[in-house]
Each structure stands twice: as structure tokens, then as C-alpha cells.
């Protein structure tokens, strides 16, 4: 009954997670990108994405989840922060107040009008930051289980 | 919205409210953690249902989004608890 | 003038370097400055002695009316001359006295620093800059008293002196502030010119506070104890600070403020009473002491008491007596202290009982000592005699307590003669006894100071007008507030004061004959000292630290729950009190608009919350929290908060995951609190909850203004290019909040990462730790056994 | 030059983010730390002068007009606080270069430091009450993380109390914000001030004010809400203790000043009376706490509390001179307190202990350090002509003018007892002979940079005392703005309320 | 409904505080969760409760035609939920580590630093 | 109108099954039987209500969302049930006393959580590992 | 699987081209693309298999929905009636399904159908342990389960 390096070794769960994982990731991106118009946004999307990786960790193990993510979650946090902070700066270049939203509307043939903007960039930063944070905590705790 | 639907929704809310209390009772009573988790899962499902009813009631489909997120993530806590139990950690619930 | 004051500080900064440069002669080298300053101040004499005043002002801190302004009149010039003149000798003396001492450089720093502070103090025209210098004398004297800092006693004494004088200093500052308020200015010259303040409503507190400052500094009873203790300092320091200069700062200030604050009944009573008591106490203690420096220190206390008493009397004669006595005292006491130092330095004698018959081996010293002692005893034709005659005259013409004061003065004088006799006779005459060092007359550097000061006492005694016309009359005028017309003379004819002087001389010499017996008779003082002010001071300090420990242990007791209870108690009391003050507390109570599903969810949530609190299992509580989260999310949904609802669901789920991830390491549920504690906690929690409920209801019924939220509904689309208004607020209207928020998350990530990965060996070390660890492990084992048992039963059924 | 208002936030945020991405590159971390905080200091000084010369600076973040968007406002108080924060930050960064171990760097020491500064500056500059909450949380979490860096038992125990009590404070703060929003439906502080003014029952407003009072008093470590501070401040790295000691409680004090001069001014008979008693008891309990301690960092920690009492006293007396005194006190205290902790760190490096019993001989062996200790220590005790003297002097003068005798008496007594503690340290650590056996010294490195850092701060302490006038003028401007909230409101809302 | 919500929120505060006053650090965390929920619900309630009209602009429109729930309060709550979550995550790991280091979850045994 | 009535029927049915599920969880004697109730009725109840939603709105995006909800519950519910059931069994949650057969009994390896397909296979495996 | 993907992509293209990017458009697009695929690429082996799979999938969905409702009614009956009629037990069901996906699809389906709940798969993938609520006749139950397995395998393979 002692705690040990642990893998649930459940075929059903593993398969379930491989099935649900892409679904969750896609869903999180969907939530992120529609956030400006419909319920969703960077934070919500980020939590769903983090939940996806957490599912991987729970269904398989810490290593599998780490490998899937490839980068260290703290790096995600860093990138997220930089993106979010950078989103505040373009306004300064055009002489507007700090954090003023900049919009670049791009017409694409199939997808229609694409709204690129600093708020979107900002939301992506939030998205990455949230994923990074949740996963840092989850991974750290999972790692600590073995020590 | 037709009165029939309106009335039905009222009944449904009442039914689900009662149902929630049964689940809550199990959540409280246990006796084991898996029992509680089962009850929790059911509460999540019922929450999905209530949100659906409420969306109809208000005619606002935006509420379905909450149900969507709930439907796809609520099971995670069950997985978490299950993993916890399988790790053979001590339990304080029986 | 500013340069004159600051030059000391500047020289102090370079003192260690000059010390190295000057080698053995460093004292002489550095003494050039006080000599030059003395000459400078002396050059101001002609103008000041004519009753003139010199003023200098340099801007410093106009916002608070603080400037570096200086006032040179008779009083301040007298002090300035004493400070620089005696300072010169002390530097010369000290340089030789402490020759080879490793900290001599630092000694110079603080001595020069002190000199500058003292000069600043007596010359300042601005009360606040005066106070600045006042405190600087305290600090520098602290450093000097603790010169032999590796001895615990020296540290303790330095601490004591500092605490007592700083306490007085703080009172003084407050008094100054009141004085400034009352007079409308911090400039002494303005205050003194604006007449008396005795009628002002702040007069009494201001007077008491200022006197507290001056009494502590000038060692008036009951604060006299720090002064003899300050003898832990090297002798040059004692000679300078504790006889001639610093201890007189209080006297100076009383003299200085006499025109404004003096003349009232309170002034008269307090000063003359405390002065007389101090005078008698000081000399009585001196008569019992045997340590050379201690005897001198107590006799200094006596002198300070005398001066205070004279200032209290406040008559023209008293003013003149005060300044005369002050000068005389400075001359002989400076000399005597330096002789005490010579006794130690050349013969290793620290106690009168250890010295006898040194006249043969130290002839010059003997002569100087006798000369200075004669002045102390007030024997014609020395300057001390002039002072003493004036003193007696002033006392005899006092407006109150004439007889009492006269008797006190007479008694004091008798014992002064005793002390003078001890100083003049005990070490030098009688049979020669072995001393720790081979006695010899010291180097000229050590002797020049006392000799010149003693001779000066003779010179002024023979020609008192020299001093009187030169400076003392001007000084007395400054004290008196009006021009003083009495002149100084050695011989006043055969009168009552002379009779008293003669009788005190006789009785004093008789007492010297029976000195040992006197000490024996008065040994009850040893018991009395147990109730003396020094013991009280120490008790107070001890009491303070004891109380502090108790208070700290009580408040900062380590129990988080007590901290929480205190905090919440504060919330309840202050917020509750504020709520009770509301005139008409309207609560928006309305149950009529509740829908069935809403009621059900709220009821479910209340139940969940209560269950989560009561359930006897962490895991069950966590599961309960999950349900609670869903319920809260539903409430958000019911009241139109879609994004919030989604977020709530997600956050709740992930929170449960995190809890589950850490819980396996945590100990099992235990019931730790007593039921009394639980009831207490429940009451506190309940009241807080009730308070919140009431607040919500009160606020919702009080709200009356349209908020700004409509702006977002109107502009989110056109200006924010988004239809989800909440999201547009988050990423655009209030993006700064969200930025801060993700930085919070990032910080959490870093913190958590560091917390788990950055470990420095944190193993249990203390016994109690080991015990705790043991109990923990045992309970774990028991739990595991119970688990196995339960499982077996489960399988069996 | 409006962007100047944002720079004290943007710079550390970017520095923090960049440091985080180069976590394993020690040299980059250090360079970013030193140069970055220097830049930050320069920008904050520029902001101070801009504010001093051209009045309150307002930046509408995202170009959204007040009260709808978030505004950053630099009034004199805010600008002064920012400069002080940046001075502390710079000094700490310099000190950290030589004292913080590599593994701490690898685990985010510098990013935490930068983000802490961002949070502190954000709190000082924001004109929005909820945004203030957000910055509070930023600095709080940064402080959590810095507090536990090292993971020792004492740190953990201290951190639990620190975290819990501060979270309770945050919850109360949030509750108060919620109630305010419920009452007036706006978050901009100037707008709140205007709208609360027209609420019928001002005593209801006071109820909310009292919640803010408690929330901020916890952050400021005032009596009887200070417990988290002595429980934790002596546990982390000394550089961390220094920046905590200098800055964190002052954010609470700042918030009290902001809220109780701008928003809750209608019922001062109640609120400021409470503040007065809080101030008195804070001074007293803090200094008594220190008198009972024999570990340098603990002594210093308790003194933070007692000094907070003086700062609150300035606000409580609520006269122009008192506010000036309070602001002056804050300026003096931040530098002195941070410096004392840095000195304590140096003592530790030289002697391997913070316990007075185990220390000694420093006066003989390290006279330079002795002077560098004496300056801040005596300044803390209020010895003239150092910075602390004028700080106390102004407050006591204000107290006398307001006839607040209890406050004056306690302020004086506490000054005396502060000296008592400082001299205790001096006697034991410096004057006393080196105890036998001499304690093991971990890293007896004499590092010029550390001396320089401490020396610069000590020089500032002396300078504030000797050149008090310009500092006073700034405090006076700050007080003027604080006591005339219409200036602030005008600057933020442009004279027209929506 | 406000009345009912007020009662609920009061219960949450009370439950949170009761939990925080327990000696076990685990309960402390549960208390913190409840506290954060209580504060958020309080903002939500005092900002005004609106049924069924989320602040979402219908497709194809530029502004919301009629009334809508207060979006600012929602945004504020969202931010505060997130911050509360972050802080909670930190607290959870902290107690985890603390229990590991101190070897107990009893707060009464964690008083070595005062 | 017709769709409204249909929707009403669907939501009513859905609510009914939800009630059944919660009664099941309330009344059933052991963990596994309770799980029967929740797994099936929960999914069905939510699904029926979502059908009601589809019928009420008759809007493609709503339909997609409702279908997504149905798909998500259908996918996740049995997985969760499996995880809990397995965990519950593994930790020895007692079965109802009227349970007539338990072929899972003794097939789990307590240490490795390996589940054997038969008692013989378990013995063989254990022997194998003890030889190693 | 590739074919299914192509079908979906084609459906999306259809929806995009006809400017009906919504559920209805995609469903219509899916059917049209399906028809096109099975008509145009009928020689392709994958497509030939795929041709059958779509109708099977639909029939399975119908079957499954029916089972789900039945399951619930049966459980409902037992839940609502005062006396428990069930005779629960855990049985080991030998598996024909081989791949992970097949096994777990089967397990999930079993969990959702009347009276049965998958507990776990043996580590050698030979046996699925199922909790059955009405174990009156074990053989019948087993046959029922096997039938379900067959249906699923037909869709999956």
C-alpha cells in the first residue's frame, strides 16, 4: 500500500485519453479564438488545454505528459508573459496610449475576414500563461510524488 | 414560448432540484470515497441538464457553452480521485 | 560662525588620519583647532562684554523654520570659551593619557565631534538646531563613555547614560515644539525678545518637559545616578564632558531660557527645590565615596544642583552667582579630574584609600591639586571663594525657603570642604604607601592643563573684575534678562556669608578628621541605595523588558488560529460598530422573487457548505467542494454570467485535481480542537457571516446611482470589435487587470516550481520535531493497518 | 511624456518576463537585474520630476477614458513611493548580485524580484480600486514565492501564516471593493470619491471604509493585525527581507493614505479616530516586541511594525503637517529599514549568526560596518540630524499642534525604546568582545559591492537629514494634493463627472 | 433573490472562517476556497442580479438592444476567480511542502518562527 | 408549437431519467449498482434534455453545441465510471451482500496493479516473477 | 480512417462553397461527399470498406440509442420499486476485440447498455470484467454482450 511511481495501466483510460486529448485541445483553441465574440477566451481556453495535458498525466504518467508538451511549462509561462506584455506596446509605436488596441483586418479568400489584433495577441498570451501555470503546478506535484 | 413548455420547464426544474438533493445526500453519506465521486459525477450531469433547461427557459443559447465545457471536463475530477485511490494512499472516509 | 562649529566635525572626520600623521604629538597637533577657536571667540569678547550680541544665520530647513542661526552673547560666549579653552587642554592631555591606545584615533573623532556639538549647542539661536546639537552631544558622549567597550560595565553604563539623557532629550524636544508654538518662533533671540511666556496656556507642560530635559542632562536628583556611572569613560572624557561642559548643557539651557520661562512660581519652586536636593544629595554621596573619580563626580552633581538652585532663585545676584560659580567650578573641576587621571596614570591609584604620601614623588602635581582643591573649598583668595560668597548671598536673599536653602547650602559647603580636604590632603600627605605604579610627576602634556586651570582660579580670585568685566557680567545679564549691575569682588567685608564660610571650613575639616567614621556612620546608605533612583531605573528597564516579553509571547504566540481570531474580532468590532452607527439601517429583505430552481441551488449550496465544514474526511470535503463549485457555477449561469460560469466550472475541477494530487501526502483527518474551541470558532464565524449578510442587504438597499457598466454594453461592439462584452473588458477595456492577473499566475508557477525543486536539507532537527515526526509516522502505520483490516473485511463480505 | 507613468510598471514586467525566459543563464539574469533596476530607477526619478514640475500625471490605459478604463495616476505621493520602491529595488538587486546563490537564481529569484517591483509600482500608480487589488495580489504572490525560496522549515511555517493572513486581508479588500461597487457602480477611485460623496447616508459609506481600513491595516501590519510579519520576515534571504521590510508594509500604508484622503473623508471623526488608536498601539506593541528579541532580524521586524505606527499616526492626525510628517516618515523609513536588513546580512556573512549572543567584536574588526550600522540605526531611533529625526519631529510637532497628547507621549516613548533596541544590537554585536568560541563563518568574503550598496543607502539617510528641505517640499506637495482631493479628481476625471 | 443570496454568502463566509480556524492546514485550504467563492459571489450579488440576459451582443448587431447583466462586475469576478485560483494553487503546494517538512498538518505545531 | 411540445416531452423525459439516476445513487445498495444508475441515466438524461434544446432552438449552431454536449457526456461518462469502479474495487469497497458472483476477486496484483485474466494466469505470473 | 477524414474535409469544403457553414450544411455536405466518394472511388479497397461502414455506423447509433433507453427503463424500474430485484455479479467476458480502440469502445458501450458495467480489462487483453446487474442467467447475459461486441467490431473493422 505504499505510494510509488505510479501508472494506472488502464487500457480503457489510456484509449479514452488518446481519444479525448485532441478533442480537448481543439476545443480549447476553439474557445480561445471565439472568446472575443462568444463565451470563451484565453483563460478558459487555457484551462481546458491544461486539463487536456492533466488528463494525459492522470491516464498515463508524468513522463508521458511531459513528453507530449515537449517544452517546460515554465517556458510557456515566460512566452505567455512576453506576448501579453508585448501586446501593450504597439500602441506606443503609433503614438497612442499604452495598451491601446490595434486592429489589423485581413481579408482571406476562404475564411473570410480575419480579425488580427493586439487583444487577440494578448489573449493568446493569457492562454499560454494559464496553460504554463496550471501545468507547472500539476507537473511539480506529480514529480514530487516520486521523491 | 408556449405555456405547456413553460409549465413543463417548471416541473423539470422542480424534479431536478429534488434529484440534486438525493445526490447530495449520497455525497454527504458516502460511505466510501468512490460513492461520493459517483454522486459528484451525477451532480455534474444534472448541472448540464439544468443549464439546458435554463437555456430553453431564457431562450439564450449562450448558456449551452457552459454545459459544453462542463460535459467535457467534469469527469477529470473523477479520474483524479480514482488515481488517488489506486495509489493506495491512506483514506479517511470509512 | 558656521565654519567655527563645523570645523570641529570636519577635523573629526580627518582625526584618525591626523593621528597617524602626528604620532606621539597628535594631541598637540589636533589641539591647534580649539586653540584657534578660543582665540576667535576671545576676539569677540570686547563687543560682547559691552552688552553686544552677535547673530549669524544660515538657511537649513526653512519649511520647518529650522535654520543654523547662532547667537553670541555673554552666556553663550562664556560657554564657548570654556568649551574651546578646556577642550584645548583636554586634547593635549588626552593625546598623552591614551598614548598608544589602539582606539585613540576614534577617541579623537568623538571628542572633536563632541566639541563641535557642544559649541553648536551653546551658540545656536534656533531651538531645533540647538536640539540637534544637544542630541549629538548625547551620542558622542555615549561613544566616549563606552570607550572601553569590551568591558561589560562600560557598555552598560554608556547605555544607561544614553537612555536617561535621550529620554530627557525627547521631552526637551516636545517642550521646544510647544515653546515654538507659544512664542511663534523657534529663534531664541525672537523668543527672548518677546517677553515672558509664563501666562501662556502651554506654559506648564512646556516648562516641565524642558526641565525634564535639562534635569536629566545636568544630572539633577533623581537622575543624578548616571553621572558617576559615566566615569567608566577615560579620565580626559570625564574631565571634559562630565565636569566642564556637557553636564552643564542643561544648566546652560535653563539659564538661557530663564528670561522667557523663569520668574513664575512653578519655576522658582521646582528649580530651587530640585537644585537644593541635588546639591545636598550630590555632596553627601561624594563625602561617602572613596573612588577618586567618583568623589569628583558626585561633587559635580552637587555643583549642578547649586547652579540649578541659583537659576531657580532668579534674582540678579543669583544670576551673577550662577555664572561665577559655573566658571569657578569649570576651572577647578577640570583641573581636579585631570589630576585624578594623573594619579591613575602615574601611580595607578583609583581610590583615595590606596594613596598616601605621594607629595615627595609628585611634587608639582601636589601643588596643583592643592590649589584646585582650595578653590573647590571656597577659600580665599581663590576664585571659588568669590563664587561661594555670591552663592550664600543669593541664598540668603531668596524669596522663598530662605532658611531651608541656607541650611542646605551650609551643610553642602561643610561637606564640600571635606571633599576638598580629601582631594588636597589624602593622597599627598601622610605616610607613603605602596602604589600599583611607581609614582612620578607626569609629562608636561598631562600637567599643563590642570596647572593652568588651577592658576587661572587663583588669578580670577585675585582679580575677579578680570573675569567679571570680561564676560561674567554679560553672561549674568543674559541669564537675568536685563543688564546686571553688580560687580565682582573678592572681599565683601565681614558679613554673614563669610561667617558661614568660615564655619563650614571648620566643620569640614573636623569631618575630614573623622572621614572613615563618617563613612561608617552613614553606611545605612548602602541599604538606602537599594531603593535609590538607579535601582528604580534598572527595575523599570527590567520591568519593560519583562512586560515586553510577556506581551510579545501573548500576542505573537505562534498560533495561527489566534491570529485569525484577533483579526476577525477586529473586523467584527470595527465594522460592526460602524454599522451600528448608521442612522436608519435599511435592509433589502425580499423573499418574493425567488424561483424554484434558484431556491433549490441556494439551499443545496448552503447544505454543501455546512456539510463541507462538518464532514469528518478531507476527501469528502474536497468532493463536497466540487459539488459546491458546480452549484456556484449554476448561480452564475442563472444570473447571466456565462464566462464566469465556465471559468468557475474549470477552476473548480482543476482545484479538485490539485487537492487530490497533494492530499495523498497529508496526514489523515484528526479531530484536534476541543468542543469549547469549536463553539468559540463557530460563534466568531457565525457573527462574521451575519455581518456580511447584513452588509450586502444594507448596500443593495442603499445603492442609488447608475454605474458605468452601460458604457461597456454600448461601446464593446463599435469600439472594442467584440460581441462578448466581458471578454472585451478583460482584454481591452481593463487589459491591465488581466495583465496583472496573468503575472500573478506566472508568479505562482515560479513559486511552486521553486518550492518543490529548491530544497535545502530540511530534516527535523530538534527533539520536538523528532517527536512530531514519530507521532506522524506511527499514526500513518496505524492507519495502514486499519486500512488492511477494512479491506479484508470488505473482501470477506 | 505620459508614458513615463507606465514605465515603472512596464519595465519590471518586461524584465520579469524576459528573465523568466532565460532562467538558466545566470549572467543574463544578473545583468538584467542590475541594469534593469537602474533603468527603472532612472525612469521613476524622471516621473517624480515630471509630476513635481507639471502636476499630477494621468495615463489612460488603452486610451479608454476615465472612469471607464483603468487610469494610471502619478500624484506626488504615488511618484515619491515609486522612486522609493525603485531605490530599494536597485539596492536589493545590487546586493543580490553577490549574495544570492546560483540555485536561487535558477529558481526564479530575479523574475520574482522584478515582478514584485512591478506589483509595488502598479499599486502606487493605479487610479482604479480593483486594479489596486490586482497589483496587491501581484506583489503578494511575488512575496510568497520569495519568502519560501530556500524551503527551510522556518520559511514554511512563517509562510503559512503570512499567506493565510494576507489572503484574509485580500478577501476583505475584495469584499470592500464589491460593496463599493454595489453602492456606486464604478471602480475608478476618483469617480468613487465623487459618487460616494452624494450617497445619502454617509455612515453607510463609513462602514465600507472601515472594511478597507482593516484590509489595509493587515497589509500594513498595524495593531492588532500584524502577526504575519514577525512570524515570517526573518526567515527568507536577507536581500528579500530587506525589500520586504522596505516596501511591502508601506504598500498597505500607501493604500490607507490613498483611500482615507481621497475617498473616505466625510466621517473622519470615526475613521481617523480609529486610525489614531491603531497608530498608538502599533507603535507601542511593535517596539515592545523588539525589546523582547535577541535576534537581529527579529528585532528589526518588530521595529517595522512600530514604525508603521508613526506613518499611520500622520494619516490619523489628518492635518497638513501630520500628512507631511507621514510622507516624510515613509520616505525615511523605507531606505533606513531596507538598509538595516542589508547590514544584518553583512553581519551574518562576517560572523555566521544573527543571534546577539553569538556576535561581538565587530566594532573593533569592522569599523566601516560599524558606522554603516550606526547611521541607519540611529536614524531609526530618531537621532538628529539623520533622516529619522526630522520625520519624528514633524509628526510630534503635528501631534502637539493637534493636542493629541497620548499619541505624542507614545511616539516619544517609542523613540526611546527604539534607541534601546538599536543600542542593544550595537552593544552586543559591535562593542562586545568576540565571543569564545568564535562561530563558524560561512563565507567570510569582504565584498566591496555590498559595502557600496549599504553605503549609498546610508548616505541617503544622512542626506535626507542634512538636506531635508527639498524632501520636505515634496512631502508638502504630496500632502497638499492629498488634503485637496479635488486636485486629484480634476486631474483624473477632467473636472467633469459622468 | 438578493436576500437569499445574502444568506448564502453569509453562510459561505461563516463556513470559510470556521474552516480557517481549525488546526489542520488542509482545512485551512478548504476555508480559503470557500472564502474566495464568498467574495466573488458577494461582488456578483451587490452588483445586481439579472436573470437570463448575458452581456453578449447578438450576432449581426453592434449593441445590446435592451438591458443586460452588468458586464463589468462579471469581468471583475472573472479576474478575481483567476487570481484566487492562482493563489490557492500556491497555498495548496505550500501546505503540501510544509506538512512534508514539518511532518504534521497541525498548525499548533507550526509556531517555531514566532 | 409542435416543436415546443416535443421539446417539452424530451426535457421531461430527461429530467425523469435524471431523477431516476439520483434515486438510484440514493437507494442502490453498493457502489457498483449505484454506478449503473448514474452512468446510464446521467448520459441519457443530459442527452434527452439536449434534444429538447435542439428542438426548441432549431438553430444549427445550437444543434452543434447540443450534439457536442451529448457526445462529450457519452464519451466521458463510461470512462469515468470505469476509473471509479476499478479504483473502488481495487481498494476493496465492499460489494452488496446479495452479489452472487465475483470473478474479479483475487485477480489484481496488489503491488503492480496488473489484472490477470484468470486465477491460473495469475499464479503463473507470480511464480514467474518469484523465480526471477 | 483516411477515407472518413476525406469525407469530412469534402463536407467542409461543400459547406464553405455553398456558404452554409453550419450544422445543416455540413451534414448535407457529408452525405453528398459520401455519395461522391463511394461512386467515384468504388474500386479503391479502403473506400469499399468505408461504403459499408457508414450505414453500419448509423444503424449502430440507432441500436445503441435504443439500448440506452432500455437500460434506463430497466434501472428505473428497479430504482423506483421498493424491493431490489437485481442479482448483481462480476463476470469475466473473453474478448474478441484486439486493438486498444476496439476494446475500449466495447467497454464503453457495455457500460452504457442495460445492466452491465465494464470494470476493467485484464492486462493481457483477453478478458473484460463486467459487472452485471441481473445475473439470473449468466449465459444469456454473456451472449448479449458478445452480440454487442460483434456489432461494434463490424463498425470498427
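Order of writing sets the chain letters: A, B, C, D, E, F and G. Residues in each chain are counted from 1.
Note that in this section a contact is a pair of C-beta atoms (placed from the backbone, for glycine too) under 8 Å apart; a residue touches a chain by one contact, two chains touch by 3 or more.
Bear in mind that the values here come from a model prediction, so they are computed numbers and not experimental data.
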Maximum centroid distance from subunit E, chain identifier (CA atoms): C
Closest chain to the centre of mass proxy, which here is the mean CA position: D
Computed distance of Cα centres, subunit E from subunit D, in Å: 28
Whole-Å gap separating subunit C and subunit D, where each centre is the average of the chain's CA atoms: 25
Distance from subunit G to subunit D - Cα centre to Cα centre, in angstrom: 65
Euclidean distance of C-alpha centroids - subunit C vs subunit G, Å: 87
In subunit B, residues with contacts to at least two other chains: 16, 18, 20, 37, 39, 53-54, 62-63, 65-66, 68-69, 72-74, 76, 79-83, 86-89, 91
Sequence positions of subunit E contacting 2 or more other chains: 20, 28, 38, 40, 42, 45-48, 51-54, 56, 70, 72-73, 76, 78-79, 82-83, 86-87, 89-90, 92-97, 101-102, 107, 110-114
Multi-partner residues of subunit F (each touching 2 or more other chains): 16, 23, 35, 43, 61, 75-77, 79, 81-83, 85-86, 91, 93, 95, 105, 113-114
Touching residues (chain side subunit D, partner subunit A) in the complex: 2-3, 6, 10, 13-14, 16-18, 20-21, 23, 59-63
Residue ranges of subunit A touching subunit B (in the complex, touch as defined): 1-4, 6, 8, 13, 20, 23-24, 27, 31, 38-40, 44, 48, 51, 54-55, 58-59, 145
In the complex, subunit B residues that touch subunit E: 54, 57-60, 62-63
Residue numbers on subunit D that touch subunit C, as the complex places them: 13, 16-17, 20, 61-62, 64, 67-70, 103-104, 107-108, 111-112, 115, 118-119, 122, 126, 130-131, 134-135, 137-138, 141-142, 144-145, 148-153, 156, 160-161, 164-165, 168, 172, 175, 179, 181-188, 191, 195, 198-201, 203-204, 206-211, 213-214, 218, 224-225, 227-228, 230-231, 270, 274, 285, 288-293, 302, 363-364, 367, 378, 383-385, 389-390, 393-394, 396-397, 400-401, 408, 412, 415-417, 419-420, 423, 427, 430-433, 468-469, 472-473, 476, 498
Residues of subunit B that touch subunit A when the two form their complex: 62, 65-66, 68-69, 72-73, 76, 79-80, 82-83, 86-89
